[in-house]
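Just below sit the structures, each encoded as structure tokens.
Below are two complexes that have chain A in common, paired first with chain B and then with chain C.
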Partner chain A sequence: MKKVLVACGGAVATSTVAANKIRELLKVNNIKADVQQCRVSELSSKSDGVDLIVSTAKVDRDYGVPVIHGLAFISGIGLDKTKQQILETLK
Partner chain B sequence: MMNKLLDKDLIFLNMEATSSTEIFKNLGTVMIQKGYANDNYIEGLINREANFPTGIPAEPVAVAIPHTDASFVKESKIGLMTLLNPVNFTIMGSDSEIGVQVVILLGLADSQHHLKALQTVISLIQEPSFIKQLLSISTQEVALELLNQELNLTIEEEVK
Partner chain C sequence: MNILQYILDLGPAVMLPLVILILGLLLRQGLGKSLRAGITIGVGFVGIGLVISLLTENLGPAAKDMAERFNLGLSVVDVGWPGASPMAWASEIGTVAIPIAILVNVIMLAFKMTKVVNVDIWNIWHMTFTGAIVSTATDSFWLGIVGVIIHSIFVYKLGDWLVPVVDKYFGLPGIAVPHGSGTWTAPFAVVIDAILEKIPGIRKISITSTKIEEKLGIIGEPAIIGSVLGLVIGFLAGYPFSHTLQLAIQMAAVMLLMPTVVKFIMEGLMPIAEAAREMLDKRFQGQNLYIGLDPALLLGNSQVVAASLLFVPLTLVIAILIPGNQVLPFGDLATIGFFVSYAVGIHRGNLFRVIISGSVIMFITIWISNMMVGVHTKLGLATGAIKSGQVASLDQGGSPITFILTELFTLKNLVPLLVIGIAYLFSIVFMYIQYKRNKIYSDDEVEGEVYESTSIGR
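Presenting the complex of A and B:
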């Protein structure tokens, strides 16, 4: 079981949309994962044992976990590339 | 039936603004005056945008989706402002700026309850024809009707 954190500024709007799209993506690709939302400010306390962080906000610190920028889930631009990156990271 | 997330007074069309702060004051004042948001809502929007920018590169013009923490909002609303000239916003998750001409205010008190509406708004941002249509509208009634139509396509699933 993989663990994915989807972060944004307040865990209200953009991470909600991105997290749902990521759950769908992983389901379609038969990747079992626990996808959770959080605020960027919560990353340090929640990144233990996490395989991937997808964030729509800027992540300045290194948590020892790969970080993928999730803007494409909101803008739709470059979405295929972002999806591919996520799948490759979780393989 | 008019979607509860919409209010004609939260629709501003073909406005001229010089900064995101000016835009937040316009939309935020209505949110506060109508009792939809707390008195510090405008500061909330300004601070949030400074820390977590919401500019989105979209076609044919860039869009911004300003919002605050849910705790600032008393009654969920979605607002709209179209701009005659681009106003600079920082792109979400970056340091680069982009000239925005469509602002969609996400005044949401609870994202889970309004997930469908949120998803609808985000998918509309990704439709160049919708953005183009928004820019061409000159009356609040027409804009309200268009937004209502789009949001109500999903309302059945949201009524509890």
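Presenting the complex of A and C:
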């Protein structure tokens, strides 16, 4: 069971879009994962034991966990590449 | 007419699921998906109702007691954007605002009045809120629609002007952030930046910090903000210790639960948002336009994070200092970054300037939200978001654009209307001139702040 944190500014709008798409992606690829949303400000306290952080906001801090910029889930540009990165990180 | 009234009387938790179900079917999303989206949005409304009553029924009386004991004001709780957005969606304007805001965008694009293709459907709630407040204040549905239209035009234009900041400072090429409340702060920041630039000595002061997040990170945690405020207010209200502790945990719960329940409203809107996005994508692809997205994208920048942390206590201090202010900042504190993110970009990450312009922005926000308590409460009661008492919100109840439109139609607070109206108009004109002179974020100044490292997907 992998753990994925999906972060954005307020943990409502963009992270919901990204989290739903990530859940679908993982389901299709048979990866069992717990996908949770949070605010960017909560990342440092929630990053323990997490396998991957996907943030729609650009974070420039190191959390000791792989971080993937999830802007593509919102804008649609470069989506396949981002999906590929997520799958590679979680495999 | 009776049928319409009957449906409206069912309340937003039943009415909106019906609207979403019908819209979903019209957009060919299938019965299952549409039904699920509809029920989910209803769940969101039930959830936010529970959380808002947890907030207003517990923090409300405590704030009143505190206000009476210390002669402080601060008796009306700010429910924040998680509390204000459901009121907007549940209003009469809410059911028609999304197509109107999109239509305004499409018309502006067709006439080349903007380069922003706004696919950020969720944040149309800001324009909706303006419409709902205007229509509540004037008792006119159509003036409310006018409010939605004007606010939308304004936001898309500001989105255009701020593209250089989003591109060069935040490193997000091809993107605009035409946000209903984040963008209104920018004209003030542009003016203040120009003034500070002219003062000898002051113009040289520059603070950037990566340490603030490491050292103060904890005060930005929603659970900490909630519990500390609960403790302090319970204590100042003269509550017994046991009761104070209970209040602290209740307020931590409010802070953590708010986004969790509002999320369901967002999930319910997704089929519509996706359909709208696809339509806009198809229609305006490859025309050298900017995609309009949520300001949440700006909130990860380390200087924005630092500024957000500084403005948690600063906003509370400002609220105490404003004479006659009744609004107790609460719901928006955890995401105060939305108010200062553009200022951070405009000041190139210089926190010294951000503190100055941010203080002005928060002063105006709290001042306005205090004047809007009456009509905000009326909207809250009408939409069933609250059952009694009073409400306020900084986002969007403290926005000058909402305030100016409402006051222009009602003329109740003439002096503040003139002061805020003239100051804001001046700032917008000044910002437009700076934009035309390519000076909002020009390349000829220091370029040290441009982030290169994390372009899309890497």
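By our rule, the second predicted complex is superposed on the first by the 91 of 91 C-alpha atoms of A that agree within 3 Å, B and C clash if a C-alpha of one lies under 4 Å from a C-alpha of the other, contacts with A are read in each partner's own complex, and residues count from 1 in each chain.
In this section, contacts are C-beta pairs under 8 Å (C-beta built on N, C-alpha and C of every residue); 3 or more make two chains touch, one makes a residue touch a chain.
These numbers come from a predicted model, not from an experiment.
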Three-chain arrangement built on chain A, chain B and chain C clash or fit: clash
Which of chain B and chain C A:42 touches, first, second, both or neither: second
Which of chain B and chain C A:68 touches, first, second, both or neither: second
Residue contacts with chain A in the superposition, chain B compared against chain C: C
Touching partner for A:13 - first (chain B), second (chain C), both, neither: both
Touching partner for A:60 - first (chain B), second (chain C), both, neither: second
Stretch of chain C, among 314-322, 332-340 or 350-358, that runs into chain B once the two complexes are superposed: 332-340
Intersection of the chain A residues that touch chain B with those that touch chain C: 8-10, 12-14, 16-17, 20, 40, 55-58, 69, 71, 74-77
Contacting residues of chain B [partner chain A, same complex]: 48, 51-52, 54, 56-59, 65, 67-70, 91-95, 106, 108, 111-112, 115, 118-119, 122, 125-126
Footprint of chain C on chain A - complex, ascending: 7-17, 20, 37, 39-42, 44-45, 55-61, 68-69, 71-72, 74-78, 81-82, 85
Contact footprint of chain B on chain A as seen in their complex: 8-10, 12-14, 16-17, 20, 40, 55-58, 69-71, 73-77
Complex contacts: residues of chain C adjacent to chain A: 81-82, 119-120, 122-123, 170-172, 174-175, 210, 213, 217-218, 220-222, 259-260, 262-263, 266-267, 270, 273, 277, 281, 291, 293-302, 305, 308-309, 334-335, 337-338, 451, 453-454, 456-458
